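Think of it as A, B, C and D in the order they're written, each chain with its own count starting at 1.
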Amino acid sequence: MITRETAKKSLHVPVRAVIKGVKDEAPGVRTLLLEPVEGQFPRAGRVSRPGQFNMLGYPGVGEAPISYSMLPPGKTDAKAEELFGHTIRRAGRVTGYLEKFKEEDEIFFRGPFGRGWPVEEARGKHLLLITGGLGLAPLKPVIEMAPSLGLAGATLLHGARTAGDIIFKAELARWKTGGAVEIGLTVDNPPGNFFKKRQDRGLEGFEKAIGEIRTGLITELIRPLQIDPAKTVAFICGPEIMMRFASRDLMMKGMGGAGIYVSMERRMRCGTGHCGHCQIGPWFTCKDGPVFSCAQLRGLPDVII
Amino acid sequence: MRIRTEYLGRVEGEAGVSFKIEGGRLKDLRINIWEPPRFFEGMLVGRRYDEVPDIVARICGICPVSHMLTSIRAIEKAIGFEPAPETLAARKLMAYSQIASSHLVHLVMLALPDYEGQGKGENSLMEVLRLPDMEKSGLLKKFTSVKEALNGITRAFGGRALHPVSMVVGGFTSLPGETETRLLISALGAAERDMEDIAEMMSELKLPQFESASVPVSLSEDGGYAVNSGLIVSGAGLEGQEDDYERLFEEKEALYSNAKKTSLKRGGQIMTGALARVSLQHRWLAPKARKPAFLLVEGPPSQKNKNKKNKNPFHNITAQAVELLHFWQECKELLEAAAASLNQGRQKPLRGIPPAREGKGSALTEAPRGLLYHSYEVDRTGTVRRANIVTPTAHNYLAMEQDLSGLVEANIGMPEERLKGLAEMLIRAYDPCFSCSVH
Amino acid sequence: MTGVNASQRNYRVILPENALARWLEWLGGFYTLTGPVGGGVAARFTEISKFEQMDLDYQSTMLPPGKKYLFEPVEEVLSFDVSEGVFSSGPYPPGRKRALIGVHPCDVNAILYLDMVFLSGPYADPFYRARRENTFIIALNCKSVTGLCFCHLVGAGPYLKAVSGYDILLTEIGEEEGAERRGGKNRKFMVELVSEKARELCDVFPFSMGEQPEEKDFEKMSRMEAALLKSFRKNLDMEGVQSALLSRPDHHALKETADSRCLSCSNCVMVCPTCFCHDVMDKTDVSLSRSRRVRRWDACQDISFAQVHGGNFRAQRHARLRQFVYHKLDYEEQFGRKGTVGCGRCIRWCPTGIDLTEIARAMME
Amino acid sequence: MGARRPRAGFFKFTCCSGCGFELAYFQRCLEETLAAFDFAFFRLASSSGTPEGPFDLSLVEGAVTEPFQIIELKKIRQRSKVLYAIGSCAITGGIPAIKALAPEAQVEGAAYKERLYGLASTRPHVINDYVQVDGFIRGCPPGERDLFEALSSALMGKDPEFTEYSVCMECKMADNKCVLVEEGLPCMGPVTNAGCGALCPAHHRACYGCFGLMGQANIHALKGRFRELGHFSEEDIENRFFTLFGALGKTERK
């Protein structure tokens, strides 16, 4: 029976949040730091996990699924302390509208939705993170919790279009010095080329901190890797075509599809497994994903992987 | 001194006006209708007969119903089809609601700013509506309630008010039910006062004085105010039947304009439209409209002059207000009759269009702005072989230019800006539609 | 109808049509009665005031009753008052209680499918739930089969086997002699009170004019069902279809059908009783006073359905058609059953008559 | 609101002015529209105002059929933050585009004699042949849903979401009788862009495509269906169903 209480906490009514910080990451990419203030979405008691996403939006404009790039601390009832972050690229209607927002502006969200990265599976194993472009954002929380995961080791391979498009530069430098994760970087467009001046502004310090930035596709970094297939778990996030080649290379190194996880991007309207837009074969990306193992996806139509 | 307006505002379509005054004499007066032609007469050749109404509707965004009705009747004559009496009644409702609606647009949106805004630097509907006395009178609210009541009728019978869909060769593909019809009647009732206020306000405008040499021409029919059919009459008496049209009238191309000038072959400028209709047909007007019509045509009794008929083209505005009253009344009566005959359930809508047959047909109707002529030749397969369309503004074109000359000459000493404004006001008073005139 | 235990039989009664009509009209005091109007395969579920308006001999409808009334084509789910800055959603339930009368087994099964979509899983849709709880479903076993029906292949008909999720099950089991009613006959219906709600309601309304069914009545029903099962014309190996489809996603039958006949018009999806996809969009008044979040039925046949930044996962027409065929005949993992109930609507209402069972058969060869 | 009202411009090219009338008269949010926008140029409604801009929102109706219009159009584009094409003429060529189906001299000659040599008319073009268009308010006349979406989006400063699916979808959602399947009428709904609310089928009439072909229209499949209906010649099918509102875009879609 639907009670007044559940009605008020309708899954259609979003939560209000205030922007507490804005950070430019790369051209067209910004991180928003959010604090929920009040709302009705049925979320009390829900713990956010890395890899999950919120439906972020503004009334009259719409909503878009955006992954956590910074998790709320986890005490879900004490709302005021629940600062969390989203890293957003301008792509269309909603993300374009959000681009205008500044600190102290209000936005709205529903969530968290979806199953996140299966971090438990990496316990005692080597965690291999392969990311492309904005795909680093959903894995940022994983990297940050890496020291507490009981890993045998962690490697992050990240590729971007140009050096200027690399997001989380400060964090990358910090992770590098922290030592919990090994880092390899590559860019499609080499820094000395025609684009250098515009896109590489302010990169000198970063290059010093991070070491060499290779040139070429992300697979260039995967090929030289030494992998013990049974003791490795891979999380991959990036454009689907990049995930395809990355996972294929890992399989050629002997990994099984079950140990390789990817985060899928599909059109989404509800986040709750009702609107149907995000279906991949029998799965709903929103509630069965967005993180899937390659084994789950293999053979399904309309997937590039 | 050269006076010119490149692009007239608050008229439908694109046209300019220019003239010179040299040594106190008027020279080179032209209404240049530069509205780009779409060549409907050429495009229609090779199309099927039942597509014609949907195509010609797009001649005009304010009187599509008139073009559809005229073409439908011409096509039906060509293929030898007789529509049912209920169809004719529904077509009248379409025509009346559209004429009233078109008049409303002209009165409030296009013409009123000339008079209300004058001297205050205001000349658009939006600005006029913001004038203090306009805001007080709640004109916009009245305007919208009247427009919704009228468009509701066109919408109910035609599917939509602009470019209707359910009115086709042969009849109507669907008709409103009784409840819907009753709703239309009550909407008319609810907006009636607003409509009367607007009509009154428009008939009280201080219009410039001017006498035209035009001969009024309109349709005329025994037993009613002729709109969808009738004989051709003029101020000089009976001229002929609609099938005589091409014998009676002639079109002349102007080298400086995309529109043609049409008049009676025997010469002279003619005027069609609301003022001509009211002048020639006022005895058939609804009671409420008859008195103001009499005042308009004959002039107030006190200053009765010998020159009996009103020949001031500015009074076309007043005539439209009179017709607004008339067609409102007619719509109410027709809707009552329709509702009564509909209480048996839906009237049977048309199933399947009437078959093609070789033939020629022409039809003449009264569009909001005056006489509208469509004529078609259809071959055995139903393909259109020849099309001819003559629109109200083409009929009035000559008169507009001649009257404008007369008006400028009579006011030749006026300061340039005021003269230009007066010239534009006269053109607007004709309520020209340049999109139609070029087509 | 063998294997029915005694306690279930207690809730069965045989009722003549005129008594049923009176009972339904009494039910109209609590519910908005909604039933099939206009017969044949293109009847329409419509609100009615009199039993006679319905045609219980109807074969099918264009819009399925469950989808039409439980998951409305267009619905406002959220409203935002711009000046106040507050949201509202609801009310639940929206509108009056409704009784759907004469719902065929395939359509009852489709409702059970929609239940899984909107009520199972971590989130229940409050609109669907409220409407579902306020809808009284009177199912009606089929007495004829159309050439496009294939419910028998998925166990969704022609007799309803589900034991819950609806309220009453009717089966026409013959005519009463002598009495005058529709077409000069008064038909008799086996009435089974399935839900608690139905049993409570019928406590109030005495079924005294009905008779206790006897063994011969159940035997008759079994015979009728068996005869019906023989009259189906469609056939497909439902066991084999799953593996066959997934292994041949680029089969020429799909591509050829898509290219030569599929209009991408989405009629198939719109009329499908289990298709649940919808779009959500925000509309704001021109006065900017209120924004509404509205959902409306959407379809995977539409080109922008799977469009995302940087790509479209189903840009090709055959990929979209494949999504429909696979979702109905494969993808059982989704809700633990096939997506089709075999009503045949997608075939009937496709302007070019595309038949998913034909495509599947061609792909299996 | 309170802040500056957005400056709007409305421009007419070759057409019936119907879109202008829809905006300034027929639509049901007229009061709100007049209150919300500052119409800095709108010849149908105002004799003042200037086309010089700048405009926050420009709406352009009509096809391009004369060279001077191209120059005007480019200027309008430069002066406008957002430019939407409104109505079928501007978007698909609409009815004016029928001219393109026959030899130019033949079509023009049927309407004019002496004036022929003074005409500047060319083959009709849609406006996004010449300038970048930010969105399409489809229909002949434009549908209210998309019109309001355009207006409210301009006021909010967001990208609009226009309809891009078939008339059939709206038709089904309205539970209309399908005139193609049930009555065998040659309905263009399956390949026509939605936005009208399936107006014609709701009035027992076959859609004639006034909102233009939708992006994914499979023209030859529907032609095949019309052939099966039996009572149309090949020319009829071509003419009636694929050139009335699509004379310029006779291309196959995905």
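We adopt the following convention: a residue touches a chain if its C-beta (ideal position, glycine included) is under 8 Å from a C-beta of that chain, and two chains touch if they have at least 3 such contacts.
Nothing here was measured: the structure is a model prediction, and the numbers come from that model.
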{"item": "Neighbouring chains common to chain C and chain D, by label", "value": "A"}
{"item": "Pair joined by the larger number of C-beta contacts - B-D, A-D", "value": "B-D"}
{"item": "Mean-CA-position distance for chain D and chain B (Å)", "value": "25"}
{"item": "Computed distance of Cα centres, chain B from chain A, in Å", "value": "64"}
{"item": "Centroid spacing, where centroids are CA-atom means, of chain A and chain C in whole angstrom", "value": "40"}
{"item": "Interface hub residues of chain D, defined as touching at least two other chains", "value": "152, 156, 161"}
{"item": "Chain A, residues touching no fewer than two other chains", "value": "60-62, 92"}
{"item": "Each pair of chains that touches, named by its two labels", "value": "A-C, A-D, B-D, C-D"}
{"item": "Residues of chain D defined as touching chain C within the complex", "value": "1, 29, 32-33, 35-36, 148-149, 151-153, 155-156, 161, 164-166, 168-169, 172-175, 177-178, 180-182, 187, 189-191, 214-218, 220-222, 224-225, 254"}
{"item": "Footprint of chain D on chain B - complex, ascending", "value": "7-14, 36-43, 45-48, 51, 54-55, 58-62, 64, 105, 109, 113, 123-127, 129, 140-141, 144, 147-148, 151, 159-163, 165-166, 168, 173-174, 253-256, 258, 349, 351, 381, 387, 424, 435"}
{"item": "Chain C residues within the chain A interface of the complex", "value": "77-78, 80, 82, 87-93, 117-118, 121-126, 129-130, 133, 246, 249, 276-284, 291, 293, 295, 298, 300, 305-311, 313-314, 319, 322-323, 326-327, 330-334"}
{"item": "Chain C partner contacts - residues on chain A that touch it in the complex", "value": "1-2, 6-7, 10-14, 40, 59-63, 89, 91-92, 239-240, 265-267, 269-270, 272-277, 279, 281-283, 287, 299-303"}
{"item": "Chain C to chain D touching residues, read off their complex", "value": "42, 44, 62-63, 68, 73-74, 259-267, 270-271, 281, 283-288, 296-299, 302-304, 315-317, 348-349, 351-352"}
